[in-house]
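Two complexes come next, and they have one chain in common, chain A, joined by chain B in the first and chain C in the second.
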Partner chain A sequence: MDGGSLLLLVRAAGVSLLLAVAAVVSGTGLGIALAGLAFSGLAIVRAIYRAWVYVVRGMPVLVLALLVFYALPAMDLQTGPYVAGVLVLAIYVGALFAEVFRGGVLAIPRAQWESAKSLGLPPWAMLSKVVIPLVARYTLAPYVNVCVMTVKASSVLSIIGVWELTFAAREIIERTLAVFTVLGAAGALYFVLCFGIDRTGRWLERRLMARGFVGEPA
Partner chain B sequence: MIEVRGLKKAFGGIPVLRGVDLEVADREVVALIGRSGCGKTTLLRCINFLEEYSEGEILLDGEPLWYRHGPRGRRRVSEAEARRMRQRMGVVFQQYNLFPHMTALENVSLGPRYSQGLPRAEAEALGRRFLERVGLGDKLHAYPAQLSGGQQQRVAIARALAMRPRVLLLDEITSALDPELVGEVEDVIRSLLAEPIMMILVTHALRFAREIAHRIAYMSDGQIAEIGPPEQILESPRDPTLKEFLRRMR
Partner chain C sequence: MRLTSWFATYGPSYLNGLVGTALTALGASIGAILWGCGLLLVRLAGRRWGSGVVDAYVQVFRNTPVLLPIYLIYFGFPLVGLSWPAVVCGGLALVLQNGAYVSEILRGSFKAIERVQFDAARSLGLSPWNTFRKIVLPQVLVYSLPALGNQVILVLKDTSLLSAIAVTELTMQAKLLTEQTGAAYEAFLVVALLYLALVFGAELAFRTAHRALHWSR
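Up next, the complex of A and B:
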């Protein structure tokens, strides 16, 4: 494989990373909002949450991508492939994040709720000082896991015309026919991205541990 | 003072409290003893409304707590009111229940800062003062995981005290501790006897109850079966189940 092709792949990997970052950021927001629904006092709202998560989680990303790709123009929304692509990924990982966060809230020991309650903490202080910090620590590992999945899921977007790592690899293969070299290089680049995310997660975990939090239920 | 009148509560149809009456005077210390399952912890939790109860009333300095009686019957007070009422009571739990992601100082100043709305500097000064009060002035910035059980429980006591409550509710606060750490926690409680504060403690430590309580209440089967000064309860009990209980505890 020539240097030009390799450079192209590296640039495409950068696009994949950007797509994943955009999807993780918006998916996190969506996940928090969804997880909020899961704890609603209204049964109908909780039912909507469950239905949404089951549908999105039960659908292959590829099908979701095609659905969004055709649905947006049908709704007269001309977004172009990148916005559509980020939307697909955000919807997909939003549902996964929601379940991660819901699990994190459920993992807060009853004793912690009671401590906060007996201090008479108002709701916003309860949320910002107790619930969110604890959930963030409980869910760090599964959260990083979903981030890694997001990078890999972004490869599906090549099917709706998003120029990213897999798309670029296919372009170069069509030109050079060097199937294994190019796919090997693309795979290696995906690995580097995912490995980097994983290491960042571990580093964060260690930092939090160093601050006295060992992750045990207190 | 605290007045508990005719308190009743059931868990899934099984009565746990069958009409409890108890009065605690200002500065009084009352120890609740009894077999496990007799309802003593439930009573303590009802007083702070960590458990709801179906009948009866609880008054603090004459103010009825937790429920209001209106034209449409009995209903819970609003969350905001419940928070205001809870701020007048401090609770210390068996398992300390400190917030693991906060230092000792942050744990203790959290309530004053956010429940009582004190400025940060004031809340922290209060936190320091109460941590020093329990002998942990040198552990302000330690996280719970870096402290021993006894130290964690002292932080928990400081956290409850920092709200400057009228009453302190202590739920078997030394039961989870290694024997050699019990003394330091008991010392802190002992030092509070000089303060103008009421205490209700659930305990299995009869020796300690005898030493610090003005009265001991023996609970059996969801009721206070016998109550009186420690010597009377521990040395000349009348209730046959209390006699049996004391015999087993020796």
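Up next, the complex of A and C:
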């Protein structure tokens, strides 16, 4: 494999990372909103939450991607492949994040709720001083896991024509027929991204836990 | 279009895809569980380099997307003189990837077995292989059932990626139908529902098996 191809792969890896970052950011927002539904007082809203998560998690990412890519033009929405690609990934990881956050809120020990209430904390302070710090710590490991999954899932977008790492690898293979070296290099780049995210997550976990952490999950 | 005539026209295509997906997922799941057991055996054999190799293998497959081994085998093996059908290439890629996850699941369950059982097995004069086969494996598999069920569902969903190498399965059939009929997203909507049905069926099967097999200790 020549230097030009390798450079192309590195650039494509950058695109994959950007896709994943955009999807994680928007997926986190979606996940928080969805997790809110899970704790609604209305049974019908909770049922909608469960159905949404089940459907999104129950279908392959590729099918979700094909649905979105064909449905957007049918709804007269013209978006580029990157916007549509990020939308697909955000819908997918949004459901995963929602489950992660829901689990985190459920893990808060009863004593924490009761002490927050007995201190007379207003709802917003309860959220920002008790719920969010605890949930952030409880869910960091699964959250990072989903981030790694996002990078891996972004490769699926290559099938529907989004130019990223897997797409670039196939392009170069069609030109050079160097299957093993090109896919090996692409695999190494994915590994660097995913392993890097995983290790950063573990490092963060140690740092967050170190500063006198109280409130072991229930 | 009336439902009956719709089914007469498109039913066979979807049915074909459904069978293709189910059989591929079944084969790849069985392969992945066997391969995961093999990797666990290597770990338990107690050679340090053996565990090291399995660790590296698991890390590599955990941190790369499954499309890469699919392409690697499908496009690469013919170059070294192995011309296998697409479904075998894709299935092998799924086995290699998911076997890594299965071995980690099984390793977690292995820790749940009390040490006393190994003393008991030794005092009965069981060889290490027989201890693995008759004591370790049955317990590990039963403890792992829920997690294995999740993994099987992931395999089921990943079979959709084999449409990228033209294996006859649900997603491929939907792509073909969209091209033939010019319908936009309707085919994928049907296929999404069929995947949900398959996932639901797999969940139900594993829950039933879990209830039937899980003894209380």
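By definition in this document, the second predicted complex is superposed on the first by the 214 of 218 C-alpha atoms of A that agree within 3 Å, B and C clash if a C-alpha of one lies under 4 Å from a C-alpha of the other, contacts with A are read in each partner's own complex, and residues count from 1 in each chain.
Everything that follows uses one rule, which is that contacts are C-beta pairs under 8 Å (C-beta built on N, C-alpha and C of every residue); 3 or more make two chains touch, one makes a residue touch a chain.
In this text the structure is predicted, and so the values were computed from the model without any measurement.
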| item | value |
| --- | --- |
| Contacts of A:33 with chain B and chain C, given as first, second, both or neither | neither |
| Partner chain(s) touched by A:153 [first = chain B, second = chain C, both, neither] | second |
| Comparison of chain B and chain C by chain A residues contacted | C |
| Which of chain B and chain C A:63 touches, first, second, both or neither | second |
| Touching partner for A:120 - first (chain B), second (chain C), both, neither | first |
| Which of chain B and chain C A:47 touches, first, second, both or neither | neither |
| First, second, both or neither for A:173, with chain B first and chain C second | second |
| Contacts of A:190 with chain B and chain C, given as first, second, both or neither | second |
| Contact set on chain C toward chain A in their complex | 59-60, 62-68, 71-72, 75-76, 79, 157-161, 163-164, 171, 174-175, 178, 184-185, 188-189, 191-192, 195-196, 199-200 |
| Residues of chain B touching chain A in the complex | 48, 50, 79-80, 82-87, 89-91, 93, 95-103, 110-111, 114-115, 142-146, 159, 163 |
| List of chain A residues in touch with chain C within their complex | 54-55, 58-64, 66-67, 70-71, 73-74, 148, 151-156, 158-159, 166, 169-170, 173, 177, 179-180, 183, 186-187, 190-191, 194-195, 198 |
| Complex contacts: residues of chain A adjacent to chain B | 111-112, 114-123, 125, 129-130, 133-134, 137, 211-214, 216, 218 |
